[in-house]
Amino acid sequence: MTAAFVAPAALWLAVFLVLPFIAMLVFAFGRRAPEGGYLPAFTFEQFLNLPARATAFGNTLLLAPVGALLCLLVAYPVAYYLALRADPRHRLVLISLIVVPFWTSLLVRTYAWMYILGSRGLPSLLEAVGLPDIRMLNTPGAVLVGILYGYLPLMIMPIYVSLEKLDRRLLEASADLGARPVATFFGVTLPLSMPGVMTGTALVTILLLGEYLIPQLLGGGKVFFIGNALVDLFLQSRNWPFGSAIAVTLVLVVVVVLTVAMRIAWRFAGTRRVDLV
Amino acid sequence: MTSAANDVEFRSVSKRYGEVRAVSDVDLAVPKGAFVALLGPSGCGKTTCLRMIGGFEQPSEGTVLVDDRPMNGVPPYRRPVNMVFQHYALFPHLDVEANVSYGLRQMRPRIDRREVARRTGEALELVRLGGYSARKIHELSGGQQQRVALARAIINRPSVLLLDEPLAALDRKLRTAMQIELQSLQRELGITFVLVTHDQEEALSMSDFVCVMNAGRVVQMAPPQEVYDRPGTLFVADFVGKTNRLSGVVEAGGRTLRLADGRALPVSSQAPGAVTAVLRPEAIAIAHGEGDGLAGTVTHRIFLGNAVEYAVAADGIGEMLVTADRSAAQTLADPGDRVTLRFAPESLLVFPT
Amino acid sequence: MSKFITKPITASEFTSEFMRLKRGSVTRRHFLGITGLGLAAAVMGRSGAFSLEAHAQDLGTQMSLATWPNYHDPATFEAFTVKTGVAVEVNVFGSNEEMLAKLQAGGTGWDLFVPTNYTISTYAKLGLIDPLDLSKLPNYDPKTETPRFTNEGIIDGKTYAVPKNWGTTGIAINTGKLKTPVTSWKEFFELAQTEAGGRVMVHDYQLTTIGNALVSLGYKFNSIDPAELTKAEELLIKVKPHLFAINSDYQPGMRATDAWMTMCWTNDGAQLNRDMPEIAFVLGKDGGEIWSDFYAIPTSAANKPAGYALLDYLMTPENAVREHIANGAPTTDSRVLALLPAEVTGNKIVYPDEAALTPLEFGAAVTLTDPARAEVMARFKSA
């Protein structure tokens, strides 16, 4: 009976996750064909060549946690307001405002930011009120804005869920025992929302590890992440084995990041019964 | 601490939620060091009163005083009261020790760590949980959680300890044990306990005063025995203990209660007029066969061990509940038996209608 | 068309910009409306000699084309669909490498695509394209084509691809924003670090970005010499902090005046100049690229009959002339040239003097597969 329920998921995993990963592993130990593509071989040269993309790895491993942290700092107050302060009658509307944009493709929304940050957008408004014409598009700031905008809902929702589940009487108990609001926040609210914080952070970090569209569109292609390196290796220089080696390495990084994140979450929650949302 | 006579005082306190009045014009004084139970059906306003003492609700009108100081606008963390929450509200992410020491760790200036540890140990000993300090909350039984909640609430030595249905989640046996423990703890600590409960037995057994509430108002506040024996209103009589109701008219002279079927019952001196008389089941004596008194037929018998409960269809009156001591009822009456019910005129509690 | 620079973007403009991203320029549609060519096309399409039903059976209802951004008149495909019942799905790409990568990976479903001259020998070598059956292209006439632009489509005497148009890779510059004139790639890279700092775009494309950097240093456009590539890489990395973007889709940036100067293909240069006359298009006097784009049919095409039908339709001079007007790139076919209006043939952006073309070089096949150029590009982008 259980097997019947699990079968579709297992099949899906096998076809779309395990098999491609095996293919990637095989490619990673091969060689690039002269015209591009893959030649069967067993060599570690692709992995030895990884330092050639050290900058991309460095940028990615910096951007992913920093971007996630930035999202966290903005998302937490929003989630807190939604879960603990907002009038329950307005809550559905407010959540919709956060979720509905997700029904549109990220590409379109990022293009919208290209116009907002481009010369005819915000800078022209600033110019109209007498401020100097500053370039916003294709700057690191624009990339951060895009990342914040694109990933914020993914951070807000898990935190909101864990705060929404928070037993309000625990907050009363804390206040009753003499804790001022700030002490209650750091002593009760924050630790108990840690599963949501860790879920959101892990989710955003992992997705950011593969991000390439936002730096491409809002950063002008001048900032190079692992995602961009992969796109170029597969779609420009057609170096499948090297691209596979990088992808395999990235997967390993994701696994390590996830493991560490889960351990931290367990420690904070004080139990192994961490429910991911 | 002040030398006030009352630890908690309500002066014309009302609480409204929109159009709904949860508490209406309550005046209440809880003497220092007393164990007071707020008793009433759900929705009677007792929990709202407790939460106004704790500072989780603010009165819409009137003043709540603790230690003779008005508490309006004072947040919970600045009140000399602590609360044992319903379902305890223990912090799931902290172990037993961290839960109990939570209040101490909020003190400013900070208390020395060793002092915190010492007093935490003391509190745990007091609730007989020594050795449990490193346990996780979810590893404890309901009774143990209840004691952690107690230890956590008393560690700051509040003037008043509030208890919101503290025993509701426990099974019957444990509840009785905890009732005794709570009582002795209160005597040991000498601090005022205000307990909220909907269980009249709990209220009667533990408290020095029972404050019966209904529809947002205090109906009667008195020692348990008085509330039971001399209920102030028909509601109190009904809510506290079991009752048989008889409707009728007290005739001129105030010595006779004429029932609907014309039968006359002697009563102790009453004002004439239409009344409802209430009779406790244990005030009725039951005898085999027919004789002087109310005749009837046993319809049900419930054996309680130390006592026997009968449902008797009294002729011309209807169903009456009778509780008989085992010792008084040498031979038990069976359903279908004809019996005679007798009671003293003084045991009829008469309320004008 | 000054509305593009003075008015804030409207919802419909945004939509059209997005559509442009998806399937090539649609802002030209009103041009056909003004000239009346659009109506003519529709009438001709409907009154065509072929019956819709007869063709629908042979050609199916769906085909797929892989091409470049802003490269076609959408009305052409609409007319083709009216005539044959075959709907054309258009996919646009940023580089030849990307097209090759997709075809190598397989499963593209393309029935016709538009490779550039230097890639065709590689496609043929890898067996990704077959020689064309010229009997299915009655409207293609090799005798009216310019051999300079057709020869790379013919390998061992077999025609693998027929030319769409030719063009150059030059410099588009907003003369309203930049006062210093630019005449060479050397000046391009100098200006990028000075007056035009933060406002210059280079292609996300190894051939032109590395090629033009090489040219600016006095080397050959197609060089794979390691020492010369190192010099080019140093220059590019030095310029990079001053760039607005590394992106082959530069029209939005130029139109929004976010960017003031860019590497630019003839057709884009003509379109930009037509809509915003302050944007000039110049060729590097120190060199650069001349190219021709071809039509070819992938071996893996799912609907070859439709591929041939669309190709023949596009080879028909009456249809090709509309494409050339919309696209802006110069034709390789003398029959089409004869039909083009004088203001097009007289446009020096589209048809420059022969002298201006002399220093230009065709891209070489070796750059497509040379790993060193790919790595230079990767290091430049990640620097």
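First chain written, first letter: the chains are A, B and C, and each begins at residue 1.
Everything that follows uses one rule, which is that a contact is a pair of C-beta atoms (placed from the backbone, for glycine too) under 8 Å apart; a residue touches a chain by one contact, two chains touch by 3 or more.
As the structure is a computational prediction, the values presented were derived from the model and not from experiment.
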**Message:** I'd like the most central chain, judged by C-alpha centroids against the all-protein C-alpha centroid.
**Reply:** A
**Prompt:** Looking at CA centres, what chain is most distant from subunit A?
**Reply:** B
**Fill in**
Distance between the CA centroids of subunit A and subunit C (whole Å) is 36
**Request:** Provide the C-alpha centroid distance between subunit A and subunit B, rounded to the nearest whole angstrom.
**Result:** 55
**Request:** Return the distance between the CA-based centres of subunit B and subunit C, expressed in whole Å.
**Result:** 88
**Asked** Given the complex with subunit B, which residues does subunit A contribute to the contact?
**Response** 167, 169-170, 172-180, 183, 187-188, 191-192, 268-271
**Message:** Under the definition above, what is the set of subunit C residues touching subunit A in their complex?
**Reply:** 5, 8-9, 14, 17-18, 21, 95, 97-98, 100-102, 104-105, 122, 125-126, 198-199, 201, 204, 206, 240, 243-247, 252-253, 256-258, 368-369, 371, 374-375, 377-379, 381-383
**Request:** Enumerate the contact residues on subunit A facing subunit C in the complex.
**Result:** 32, 34-37, 52-53, 55-56, 59, 108, 111-112, 114-115, 118-121, 124, 135, 137-138, 216, 220-222, 224, 228-229, 232-239
**Item:** Complex contacts: residues of subunit B adjacent to subunit A
**Value:** 54-56, 75-77, 81-83, 85-87, 89-95, 102-103, 106-107, 136, 138, 152-153, 156
